[in-house]
Amino acid sequence: SKYEYVKKFELDDRLLPGVWLVCRIDGRGFHKFTSEHAFRKPNDLRALELMNKCASRVLEEFDDVVVAYGQSDEFSFVLSKEAALFKRRSAKISTAIVSLFASSYVFYWKEYFHEEVLRYPPAFDARIVCYPNIEVLRDYLSWRQVDCHINNLYNTCFWTLVESGKSPKEAEERLCGTFSDDKNELLFSDFGINYNDIPAIFRRGSILRWDLVDKMVKRASGKEVQRVIPAVVTVHDDWIKDAFWIENPRLLEG
Amino acid sequence: SKYEYVKKFELDDRLLPGVWLVCRIDGRGFHKFTSEHAFRKPNDLRALELMNKCASRVLEEFDDVVVAYGQSDEFSFVLSKEAALFKRRSAKISTAIVSLFASSYVFYWKEYFHEEVLRYPPAFDARIVCYPNIEVLRDYLSWRQVDCHINNLYNTCFWTLVESGKSPKEAEERLCGTFSDDKNELLFSDFGINYNDIPAIFRRGSILRWDLVDKMVKRASGKEVQRVIPAVVTVHDDWIKDAFWIENPRLLEG
Amino acid sequence: SKYEYVKKFELDDRLLPGVWLVCRIDGRGFHKFTSEHAFRKPNDLRALELMNKCASRVLEEFDDVVVAYGQSDEFSFVLSKEAALFKRRSAKISTAIVSLFASSYVFYWKEYFHEEVLRYPPAFDARIVCYPNIEVLRDYLSWRQVDCHINNLYNTCFWTLVESGKSPKEAEERLCGTFSDDKNELLFSDFGINYNDIPAIFRRGSILRWDLVDKMVKRASGKEVQRVIPAVVTVHDDWIKDAFWIENPRLLEG
Amino acid sequence: SKYEYVKKFELDDRLLPGVWLVCRIDGRGFHKFTSEHAFRKPNDLRALELMNKCASRVLEEFDDVVVAYGQSDEFSFVLSKEAALFKRRSAKISTAIVSLFASSYVFYWKEYFHEEVLRYPPAFDARIVCYPNIEVLRDYLSWRQVDCHINNLYNTCFWTLVESGKSPKEAEERLCGTFSDDKNELLFSDFGINYNDIPAIFRRGSILRWDLVDKMVKRASGKEVQRVIPAVVTVHDDWIKDAFWIENPRLLEG
């Protein structure tokens, strides 16, 4: 039609080739969302597992995602530097990922939250950041895991203090100016909690990746046989340390 | 942390001030999605009303959206040229809108599709296009409505032919090379269908906008009173014609 | 060759259609350049006329430039909103303009500075800014002319004070906190200078545009005849006032 | 002033950190420029040395340029991946480089072209391309050198044929469909020219880089002493081969 010329106002937003693309999504206003849905404090396992479920849908849908990392209300999806998804069009990648994640969040809600009713549909923002080499990409991943660690250590202390009878204000004051060591010490001395015994998913977040797993598959004959098939697996390792990358040398290669 | 420098790789994506922003979303692979969910042909009213519901959530959430237009598996959200949402950061705007839309689609599915089970979470892409003046913005809106009209006229003929016993291939051949007039004529002569009698939502799509509506509100005293409040209203007007814009002179001003 | 794939790293930088493009160039380190070349203070007519000459080369070279405005060490080139120069590729436009301007500056130097030797080749930066409508574009042009006025009024006072025997420090202190009126008054009362008598090129900068001018042209027969031909003309009008735009209604249309 | 808001229309164009930036400039319409200035064919040493001179000015001005490569009417400037020049603002970098180059071209013209008068000021375009790793950056540099080689071999054959009495059309036909080997053979068999004896600057272009060179410096006492100082040096090496990079391991590090 004579109106089609308006399509020329769409500008090209292709991303630089040869760099890793990280699509990070983050829940919009989850301070309110978590409180309206009575998320457990400081961590709600149901919420984290729901997030991981949604993320695994993203991995299954988009081949170019080589690994994903989630914590709190956020998830980072790493696309291989050779990724050609949507010709590397930035908006296409971020919106396809974030919308699938958001719709999955509602779709799978009941599977994790059972009788807790979802009161309104959540939204997420997403952005794409280019990382040109493995070193800076690893630093990105470390950044998010450090963030998880710091928040979780703080929140664990905070809610432990509150549960022990302190007011939120008192708890905050007690923690003000403390370092990691102080917080570990506080948990151990005052409450007998060894921080390292807290589930790794809370302390380190979740790493989702493709791996080969054994699976029983039913043959046409009805006989069950074991097969090695690719599947998304979730681990809660410390990937700030070199050891992780020595053990997983090809993880970021796609 | 020492890793925070990675945030510097996030580049500024703010959009030009003073231009209208159109965020258009479109269902990913809805050819498959509509067929797996047995959408009615050529139009499924439940689907269109669900789309409109999701879009109205977007309008309610984001003040800067002055009007929205939907048809088929797509919706266009027009943000006022003064919009300051997310400081006009492109990725923030598109991802917040598209993720709310997608999660709403699942959230409200049952309200429109009842016993028809949602089999998997749908995704949408989104893009933002800048339009610098009213003329080209109106042409954009006309473009989408013409697209709706052309597709709907074709699909109406196609499925009418198929229902009458033709094979899809025969129907396609019958329509090949025909103009609008021919198709109107075909519907009328062969099937007694006056195309203009088909519901306007199918022929013209849906325009969603803010308006003042009368509403009965319950006072504290228990007494019901009538109040004029702003609400999202849906119309199916022809906005290709000047008449629409003469009647709605301030629609795009925000 | 097998190396050609590196061309894929060149990203598209086309600018939005339908908006005016302003390419503003500005001398790099002209504080030093003007002092090393003993530019007259506060204004050097030779320098301004050289700038205008270079700018007129740009207009002659690039049709899409509808008007240009210069003052101090800067020039703004306005490209029509329909401009298709280099398919609106941003880097192409800015670099072609700025490099022609810079090479012209050296090329024509002697014509304006005569025996004053050019000691080193000057550089300019350039940027392109999109302006979506006439109002904001006019405000841009007013912004540059107000800037010219403010700087020139200040510099005129400053150098008049210095010439009268004040030290630069004393002159600065005398002017500190004064408004436009105070400065006009100072010039008039203390030095008998009516600011409005200062050449318009200093007070208002230079507007370059295409116009039809009468020119004597020699025919093949040798006879001279008058012809109306398009040429770049330079004026020093006040275009902050509406009057200018009423008199030049089509100036920005290209 | 109240007009200053127009500055908000300037958008951020900072380039990705951590990647090499290549600014390639290329003469505009040098087909015409070289012919109007009677450039020697197939190569004009004066022109190439003038280009190199201009490029060395760029290196001297901008620390972040680690190496430059020139051939024909083009030059590529490689900025280190840590370059912070103009906060990596793309337009600032490209326009400052290209305008300095263009003004230098006129400034130094006479030094190389002597009595050959410069008839008009030349322009250059410039673009910036990001290269994320050494491999692709080396491929970029090889791409330009291969381009130099292919054009020069062709042009050498073409003009040798023309000088030998062939018409341009005949020369073109003679070369049509020939490979490198054929062209080397043609030069050698028919004209006794060993292509490798042709000056390296023509065959391989020019690499400009910083190096430490010995220089005689006059002391205050009047005595001349040898000093090692950094200076831009020009070589015509083959940097497609690994050998070059083994010998110059830190060249691209800045």
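First chain written, first letter: the chains are A, B, C and D, and each begins at residue 1.
What we mean here is this: a residue touches a chain if its C-beta (ideal position, glycine included) is under 8 Å from a C-beta of that chain, and two chains touch if they have at least 3 such contacts.
The structure presented is a predicted model; accordingly, all values stated were derived computationally and were not measured.
With centres defined by CA atoms alone, the chain at the far end from subunit B is D.
Counting C-beta pairs in contact across A-C and across A-D gives the higher total for A-D. Subunit D has its Cα centroid 31 Å from the Cα centroid of subunit C. A straight line joining the Cα centres of subunit A and subunit D is 48 Å long. Centre-to-centre spacing of subunit A and subunit C amounts to 53 Å, using the average Cα coordinate of each chain. Shared interface positions of subunit D, defined as residues touching 2 or more other chains, are 9, 11, 16, 18, 130-131, 136.
By the touch criterion given at the top, residues 1, 3-7, 9-11, 25, 28, 57, 61, 90-92, 94-96, 98-108, 118, 120-131, 136, 139-140, 142-143, 146-147, 150 of subunit B touch subunit A in their complex.
Subunit D makes touch with subunit A in their complex at residues 16, 18-19, 81, 130-133, 136. Residue ranges of subunit A in contact with subunit C, taken from their complex: 8-9, 11-12, 14, 16-18.
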